[in-house]
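You will see two complexes here that share chain A, one where it goes with chain B and one where it goes with chain C.
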Partner chain A sequence: MFSAVLRAGFRSLSRTRANHTAPLAVRCYSHAEVETDEEFDSRWVTYFSKPDLDAWELRKGMNTLIGYDLVPEPKIIDSALRACRRLNDLASAIRILEAVRDKSGPHKEIYPYVIQELSPTLQELGISTPEELGIDKV
Partner chain B sequence: MLSSRALVRGLQCGLWRRVSTSSGAWAAHSHDVDMIDCSVPQYNNRLDTPLPDVPFVRNLNPEQKKLKEKENGPWTQLTKEEKLAIYRLTHELSYPEMRKGSKEWMTVLGGVFFFLGFTGLLVWWQRVYVYGDVPHTLSPEWVEQQTQRMIDMRVNPVHGFSHKWDYEKKQWK
Partner chain C sequence: MTMSLTKPAMRGLLAKRLRFHLPIAFGLSLIAAIAFKYAVTEPRNKAYADFYKQYDATKEFNAMKEAGIFESVRPSGE
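And now, the complex of A and B:
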């Protein structure tokens, strides 16, 4: 019985050795679909554009978005600011702008670009930037 | 378990404000002013959570309520002070204020050095007033004779003690 097991073991060993000559080009990457930047942006714009978005969903969405390792595109922020307007929440709108500035970290050119892109919306909705209110300095 | 007395006492020691539990009996007989209710979402200042769960000021006085009413209308009609007041109702600290930090570390470091110095004083006093004399084998005469003996018997002649003694010139190398 023991020798039979050994023989079977040797046979299977030789079989696996033959299969081991797989080409190096086959790598073990995940087969999941990678979302493109545009898909990500449009997904979030759609999220904030929901007409009956409630305050909890706004907070949840914004906190999740800030948790990602990226600075949100101006169009996502625009959608979020309009959601704040629907919810009559000016404080959150200003906070979102502060968060975008904080998220850009050492890349100081991102925030002015975002404000520049958003300035029509900010004017239309009457949202003051943190700089205009003086809370960008301690 | 959450309302066990030991846990609440521990939390109360750690927090500035008294902690309340959800059971009514506690709230009934304690008449402290600043209670944190841990069973409901709390306000927090976090850089990674721009929109906190609850606004900072929950109980609005009449003029704050009027301001909130005005917020329902067009925001272009709000003055800068009003917008700032609305912001401060919902948020305690702005982002720069959150990032500011404090000078507490200087106090902590100063305290550490102070107590280290005090300990040093205690150690010195102990050395001078508590410890007795060292053994006589550490006296200079004894050490001299000991060193000569070690040289004579060639202690560690390859790399160590006697290796450093020049036997020709009768001095240290």
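And now, the complex of A and C:
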């Protein structure tokens, strides 16, 4: 887990452009395997897809994911929201959406995009966005 | 609204920001340190050097002695 965090961190530092799908040339780190963005994403989708994921693992997964220098892909968030559904945890589902918005920081175009991509899932699972609930403003 | 939104950059946003801002931060700090050195410490050190260039320790001692501030040696009058 720690090495994955390191790899993600180093990869982010060396990256000059986001959404770079090819693995980087070996530069500032060892000859360890570089995980591609797709591998990273599918690893996390798989993590949240575990049928018997428990509440602790959901929280742990989300907190770890939030620690990375990236905004999680909609497919990862989708997997996490479905895990919330299995755990009957609407509060965490809405909190995850708030976290996505927070992770975007000053880049205001990211959150609307993620919501756009997730809207079928949000409809299907009956999850309201913080904006719909009026809890997005202080 | 508009057509469906295009996918924005979502990875490495902090790294990008740091790559831009850290060199500036280090550069400005360095400039601040250099500026302080030449605007503050150099004039101070020069003032000390100038003061002591023509300093006559014996003359100053005698002036202090006559002023009567010492216990071990009294002014020439007493």
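Here is the rule we go by: the second predicted complex is superposed on the first by the 109 of 138 C-alpha atoms of A that agree within 3 Å, B and C clash if a C-alpha of one lies under 4 Å from a C-alpha of the other, contacts with A are read in each partner's own complex, and residues count from 1 in each chain.
By definition in this document, a residue touches a chain if its C-beta (ideal position, glycine included) is under 8 Å from a C-beta of that chain, and two chains touch if they have at least 3 such contacts.
The structure displayed is predicted, hence computed values, not measured ones.
Of the two partner chains placed by the overlay, only chain B lies in contact with A:G67; chain C stays clear of it.
When the two structures are aligned on the shared chain, A:I94 is found in touch with chain B, with no touch to chain C. By the touch criterion defined above, A:S128 lies against chain B but remains apart from chain C after alignment on the C-alpha atoms of chain A. Once the two complexes are overlaid on the shared chain, A:Y113 sits against chain C while remaining clear of chain B.
Within the superposed three-chain model, A:P51 lies out of touch with both chain B and chain C [touch as defined at top].
For chain A, the partner touching the most residues, choosing from chain B and chain C, is B.
Here chain A touches chain C in the complex through residues 11-15, 17-20, 37, 69-73, 104-105, 107, 109-110, 112-113, 116, going by the rule given at the top. Taken in their complex, chain A has these residues touching chain B: 58-59, 62-63, 66-67, 85, 88-92, 94-96, 98-99, 101-102, 125-128, 130, 132-138. Against chain A, in their complex, chain C makes its touches with residues 4-16, 18-19.
Residue ranges on chain B touching chain A, taken from their complex, read 47-53, 55, 71-72, 74-78, 80, 83-84, 86-87, 89-91, 94-97, 99-100.
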